[in-house]
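Structures incoming, each one as structure tokens.
The following pair of complexes shares a single chain, chain A, combined with chain B in the former and chain C in the latter.
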Partner chain A sequence: MALGSANGNRAEGATTPLMSWKNNLRALLVDASSTCRIIGKAYLTSYGVETEAVENGEAAFDLIYMGASFNVIIIDMHMREMNGAQCARRLRTMGVQSRLLGMSTSYREHEQHEFLAAGGNGFIQKPLHPSKFVPILQELDNN
Partner chain B sequence: MVLPGLKQQLEHLIQSMAIEGILVEQQFAQVQELQNPDNPNFVSRVLNDFCNGAETSITELNKFLCQEQVEFNKLDISAHLLKGSSASIGAHQMFLATVELLKAVDKEDKEKSLEALKKVTHEYIRIQYKFQTIIQLENKIFDIESKPLLHDGKSAAGPSYSKNI
Partner chain C sequence: MARKDLNQELNELICSFQDQGILDDYFDELKGLQDEESPQFVTNTITTYLGGADNTIAELTTNLSEPAVDYSMVTYLADKLKGSSLSVGGSRMANVCAELCDASEANDREACLARFEVVNREFLTLQESLSKIVQLEQAIYDDKE
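Showing the complex of A and B:
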């Protein structure tokens, strides 16, 4: 399942990440669904990515205002108070330079256009799976 | 019931759900793989969260559809939320039912949306019962596995670790 360097050795009492990185990778997951946040955070953490997960755009902005920074921010395209494009636009306005990825099970074409126009970099399909996020993490780790 | 028996029961239940078509076994297996010594109750926690979230979403969807002037944009968001959660956990029939609901919402068709929501609710009830059984089995397995072993390899008697369901 794991691509790149995989570490299968498990230290007693602690779970060793499934991958190791040259850099300390940090991810922020913005998703209205708590089930998706729990699973997504567990996945990314198991692959050695320090991950925060929040429910909406405002919570993401609060983290950024408090000085947090991330290599990648994965944004649910369909949230209550603001959608993925609105969240991306505000993050760019705040000066955030992280990779911004829109996430959904499916996309309407206009939603994709709006997200990219708002400063988004691309998309990742829900449900999250290593085959989808590992190549992105490898690219970020090499830059 | 001994540990191997419980694990076998759990495995058979998941397999039967996959055969019935209500669970994507591969997707659910990925969730199970995330359970580890740092996160020993992960599966129970996720399933409980899914069920709580689904009930909240279904209640919300019903509320929106009962309004005289239906706010389809709000319906869209709640339906997407349910669709995403269903996909993440591998709840296949629920996922398909929410796809149909979203089609009806896209067309702003109240009658079809109500019909689709009934199907979503039916599929939720169907899977929720089985998820509760999985949670019970997972908790029993956790109880046995978390008991310290005596020198002869048998589990110690005494209170098991308590945890919230």
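Showing the complex of A and C:
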């Protein structure tokens, strides 16, 4: 079985992920938009990543409190109740060590600084696309 | 109508919308996520988008009609609509939402109202286009069953 490699051929009717990994990768997507959650989860799942998607930071915290763990948490930078930096800060305070990525269609410099200062690790642009998330997943899988 | 004809009609319709700039190439990515296990993925996603966008536009209408506009809320809503529109390949819709964001961040009521009018018009176009896609997708699905 090819590890961390792309298999662009999906047999009709098959549920074989487009990529396979050494490790069981798990992702959490935190996004206020139900459309973005559906598409983001479908994309990550199709690439073999076990993915949860929640609407806001509080729902993410609840999952963590219940014992869920993730290799990567992708956080919408602009949510109604809290922004990406606030969410990241709280996750780090809770002891979460996952890779934290801020996601947005566009960024202000101060938002990026705040997110990184809050414990975030980097950024990924919306809408999600394999060209953006596969390199990150490969890095996580190799660590 | 035979399934092959319906698929061809759907592909031609999508290409037409892409040629007009209503949809961009990302819509092809969305279609690529549909498979035997999720045969109605496109229909379900579009339906979710249209419902969410309707609600967001209603909230924007309410906010922008307030005597004192909550610009941070307008920015949030416009940004949310921008992101979801991009996710279904509606880049033209996303661009007009971005312009509304800019107007809101400048706390410019006049500009917000003008840009919001454009958002509404663009949404009607996108909604009509996506609805046609859903109709064909559903016909293809029903033909298979």
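Everything below uses one rule, namely that the second predicted complex is superposed on the first by the 131 of 143 C-alpha atoms of A that agree within 3 Å, B and C clash if a C-alpha of one lies under 4 Å from a C-alpha of the other, contacts with A are read in each partner's own complex, and residues count from 1 in each chain.
Going forward, a residue touches a chain if its C-beta (ideal position, glycine included) is under 8 Å from a C-beta of that chain, and two chains touch if they have at least 3 such contacts.
Computed from a prediction, not measured in an experiment: that's the story for all the values here.
Colleague: Which partner chains sit in contact with A:Lys126 here, chain B, chain C, both or neither? Use first/second/both/neither.
Modeller: Both partners.
Colleague: Name the contact category of A:His78: first (chain B only), second (chain C only), both, or neither.
Modeller: both
Colleague: Thinking of the overlay built on chain A, is A:Ser46 touched by chain B (first), by chain C (second), by both, or by neither?
Modeller: both
Colleague: Return first, second, both or neither, reflecting whether A:Cys36 touches chain B, chain C, both chains, or no partner chain.
Modeller: Both partners, chain B and chain C.
Colleague: Quick one: is A:Thr105 in contact with chain B, with chain C, with both, or with neither? Answer first, second, both or neither.
Modeller: After superposition on chain A, A:Thr105 lies in contact with both partners, chain B and chain C.
Colleague: In the superposed arrangement, what residues of chain A touch both chain B and chain C?
Modeller: 13-15, 31-36, 38-39, 42-43, 46, 76, 78, 80, 104-106, 126-129.
Colleague: Name, in rising order, each residue of chain A that touches chain C in their complex.
Modeller: These residues of chain A touch chain C: 10, 12-15, 31-36, 38-39, 42-43, 46, 76, 78, 80, 104-106, 126-129.
Colleague: Using the touch rule from the top, collect the residues of chain C that touch chain A in their complex.
Modeller: It comes out as residues 26, 29-30, 33, 35-38, 41, 44-45, 48-49, 52, 76, 79-80, 82-84, 86-88, 94, 98.
Colleague: Considering only the defined contacts, which chain A positions touch chain B in the complex?
Modeller: 13-15, 31-36, 38-40, 42-43, 46, 76-80, 104-106, 126-129
Colleague: Quick one: in the complex, what on chain B touches chain A?
Modeller: Chain B residues touching chain A: 27, 30-31, 34, 36-39, 42, 45-46, 49-50, 53, 76-77, 80-81, 83-85, 87-89, 95.
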